[in-house]
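Take a look at these structures.
Next, two complexes with chain A in common: one pairs it with chain B, the other with chain C.
Let's look at the complex of A and B:
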């Protein structure tokens, strides 16, 4: 008999098994973020030329671990929590096969520990990408494979939960938009993990001597179907989190269910093509292949992101205007709850992902422009805007939301939590922007010493490049402080936060079930459809529902166009290549 | 909390879309198409396009081609390691080899002359990053890539390795001089 409890504050229903899995996955994710953050500090302090902290061998080891921890483990653990939330809690359904879900979780933990052990053993400093024929220790690859299989089990548990919810008629009509988005993430995740298996299993066999040769070009092609697509899981999932938070904080209604879902459908069809972004200067790939893939088939996935970029803030604006905040174009935004870290994290994630991560990503993924950006530190600049300011900040906002709802604890240090998103965003924006700027001056990524110590030839990057890397270093330290603050608040709340329910003890914060008294055997009432919309009385000026959002969207577009053509101008000045 | 609830209408796909979204989608779609067609246009009218010419090659064969070129066109040696400097004739095939942790040999080219630059690594992945112009090409072992390059400014250029290739990655440099 499935047991549920209802959150008295939000009315959300938690299935006992699903709840504990969400907690365990979220906590494991935050632990990985913590490790990744400590490693980030070491990376930042080494790449800050004036400090240059670590020796070369430790630097490459730490950088490998930082990438794997922050970009894979933190993201995927947290995504599992989101899937279970979107499948079970939002649909008021019991979770399908919780034992399988636990088995998946245990495999993910074992895999993560195994890979990190290989890296910190010192003989697997191959970077997250582990391009063959550079060789890591076998358990580096094996750990990743085990982790991925665990995540795959989680994906199927989620899909199974959708089936259970449908069969047991736990909701009316179609699944909510947030669940639709999570399903998109799940589908992309399955594609991603299949690609990962396709390349990492042979590479593991190669590392133990069962396969003699792995083609390095083929490796890059298939590996990036794992490497880039895994970031697209994040995109689909964090857009779902934006919709979720907009719904919770503002009661926002999607401007159009059809438009938002169609945009997700474009993600499913086209987002994974982006593996080509990494191969634009590789030998032997045809122009047609590169053009089709790098542009996600004529930028249809970019179109999807631009749609979400309008509809998420647009939905917030419409909701705010209904509450009477109708003065001018931006009263709805000015009077948004900027002191609530759930909202501020989410909105900074939205703006940062669009302006910093999105624009730079499309520009650098342009076939020819890749020539002036490939493998420079511009690339980490870009993806710290997408996966840190974009995804990580969305996860942080969701965590602040879930501490009372899921963990039943009151958040500690509420004043510090108000500031945390701003500190983190400031630091990480500096990292993103100044790394990108240094990249345009040619500074290499994954490089221990921009002074090239030990080489007699001598080459100096311009002094500006050193300055930019120094500022990025300061930004990195600020970012780490912001990240540490998040970890302190999140973990601290689970341990020391005031209990909102007597059953929510210490162990319960980490996945041990609450006492039976917290749950009832009663099946939750069926999830109703959203109330039909009242007649649209006021359409705002110029007949637009959300004029302020439209202005913001046009600002994004103009920045995009200008930045895009500036880069073509830079490209036109370099040596002819044909 | 309506994004957390099933849509208000059972037939949500038949609900008309608002004017604002339609206008934005149209604008965004036009921009997406402009960006897409910029790429084939640059292939027709631009001067910086990565060619598709590439061959599978073994390290020994490639090394032999490099040695043959050095024998023919070597003009001097540089540094204590006596790295040869090659000044190939106009339009010649130029073979540059990447290995742990060196670009080999060094090149002396002429401004506004087009050369067929061959790139290959004989061990791991490397990254050809020409500074300060900032041209970046992936160098993949086993694949000999051919680029028709035309230096457009005289001066001393450095090839940095920007694909991680082990402990001395940071010290992997090469040189190209471009003369008037």
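Let's look at the complex of A and C:
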């Protein structure tokens, strides 16, 4: 008999087995973020030229661990929690096969520990991309494979839950949009993991001497099917989190369910093809292959992101205007709850992802201009905007939301929590922007010594480049302080936060079930179909029911166009025509 | 209860558009989401790399 409890504040239903899995996965994720953040401090202090903290060998080791821990482990653990939330709680359904889900979780933990042990053993400083012919220790690859299989099990548990919910008729009509977004993430995850297995299993066999040779071009091709797609799991999932938070905080409903779903569908069709942008400079692949995958396909996926970027604030604007905040174009935004870290994290995530991450991403994905910044520190600048300001901040907002709802604890340090998103965003924006700037001057990524001192191929960067890296260093320290504050508040609340329910003890914060008294055996009432579409019904199809959002979108577009052409201008100056 | 019966009927009566049916079928979406990149990115790419002639010794 499936047991449920209903959150008295939000009305959300939690299935007993599912909620423990959500907690365990979310906590594991935050632990990985914490480790990743400590490593980030070491990395950023090394790349700050005036400090240059670590010696070369430990720099590459720490950088490898930072990438793996933050990008792979933090993201995917947290995504598992989101999948279980979207499949079970949002559909008011029991989770399918919780035992399998636990088995997956345990595998993910084992895999993560194994890979980190390999990295800190010091003989696997191959960077997160682990390009052959660099060879890590076998358990580096084995750990990743075990981690991935664990995550794959989680994906199938999610799909199974969709089937259970449908069969048991726990909802009317179609699944809610947020669940649809999670399904998109799950689908992309399955392709990602399959690609990972395709390349990491042979590489593991090669590392133990069973296979003699792995072709580097082939490795890069398949590895990026994993490496890029995994970022698209993040995108699909954090967009779903935007919709979720907009719905919870404002009661905002998507401006058009159909349009938003169609945008997700574009992700399913096209997003993963853009993996090719990582191979734009690779020999051996034809221009046709590169252009098809990066231009035609990628722009359709970008279009989808722009739709989400428009409809989420648009939905918030519509909801706020309904509440009477109708003055001017931006009263709805000015009077948004900026002191609520759930909202501020989410909105900064949206704006930062669009402006910093999105614009730089399109530039990097364009074959001709990508070459200007290829393999420079511009690249980390770009992806810290997408994956840190975008995804990580969305996860942080969701965590703040879930501390009372899922963990049944009151958040500690509410004043500090108000500031946390701003501190983190300030620091990470500095990292993103100044890395991009330094990259434009040619500063290499993944490089211990930007001056190449004592090297026959030394290169004199302009003094500005050193200055920019120094400012990025300051930003990094601010970012780490913001990130540490998040970890303190999140973990501290689980341990010391006031209990909102007597059953929510210490162990319960980490995945041990609440006492039976917290649950009932009653099945939650069926989730009703979303009411007819608010906007379409009220405003016809004029498209201007959200004028403020429209202005924001135009600002984005103009910034993009200007920046795009600046890059073509740079390109035209690379080779002078005489 | 009467309410619930109503919705059941409505679900069956309503002719759901093919578009909606596709969107509502996660396994079809899974197929598309795996087939597209496998064909256009992976297989096409593998074929191109595999057809690069090996340098003469």
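For this structure, a couple of remarks:
Methods note: the second predicted complex is superposed on the first by the 557 of 578 C-alpha atoms of A that agree within 3 Å, B and C clash if a C-alpha of one lies under 4 Å from a C-alpha of the other, contacts with A are read in each partner's own complex, and residues count from 1 in each chain.
To be clear about the criterion, a residue touches a chain if its C-beta (ideal position, glycine included) is under 8 Å from a C-beta of that chain, and two chains touch if they have at least 3 such contacts.
It should be emphasised that the depicted structure is a prediction, and the values quoted were computed from it without experimental measurement.
When the shared chain is aligned, no partner comes close enough to touch A:463: not chain B, not chain C.
Applying the stated contact rule after C-alpha superposition, one finds that A:265 touches chain C and leaves chain B untouched. Contact with both chain B and chain C is seen for A:284 once the two complexes are overlaid on the shared chain.
Once chain A of one complex is fitted onto chain A of the other, the partner contacts of A:453 are limited to chain B, with no touch recorded for chain C.
Of the two partners chain B and chain C, it is B that touches the larger number of chain A residues. Legend: residue contacts after superposition of the two complexes on their common chain; A:303 is shown touching chain B, with no touch to chain C. Contacts of A:366 after superposition: chain B is touched, whereas chain C is not reached.
In the superposed model, A:50 makes contact with neither chain B nor chain C. Counting contacts as defined above, chain A residues 172-175, 215, 217, 261, 279, 284-286, 529 meet chain B in one complex and chain C in the other. Contact residues of chain A toward chain C in the complex are 159, 162, 172-175, 180, 183-184, 186-188, 190-191, 194-195, 215, 217-218, 221-222, 225, 229, 261, 265, 268-270, 272-273, 275-276, 279, 284-286, 289, 292-293, 297, 526, 529.
By the touch criterion given at the top, residues 1-10, 12-13, 15, 17-21, 23-25, 27-29, 31-33, 35-36, 38-40, 42-43, 46-52, 54, 78-81, 114, 119, 123-125, 127, 129-138, 140-145, 147-152, 158, 160-175 of chain B touch chain A in their complex. Residues of chain C that touch chain A in their complex: 4, 7, 11, 20, 23-24, 26-27, 29-30, 32-34, 36-38, 40-42, 44-46, 48-50, 52. Considering their complex, residues 10, 56-57, 60, 90, 127, 131, 133-134, 171-178, 215-217, 220, 243-244, 246-248, 251-259, 261, 279-287, 291, 294-295, 298-300, 302-303, 306-307, 310-311, 314-315, 362, 366-368, 370-376, 440-442, 444-450, 452-457, 459, 461-462, 527-533, 543-546, 550, 553, 557, 560-561, 564, 568, 571-572, 574-578 of chain A touch chain B.
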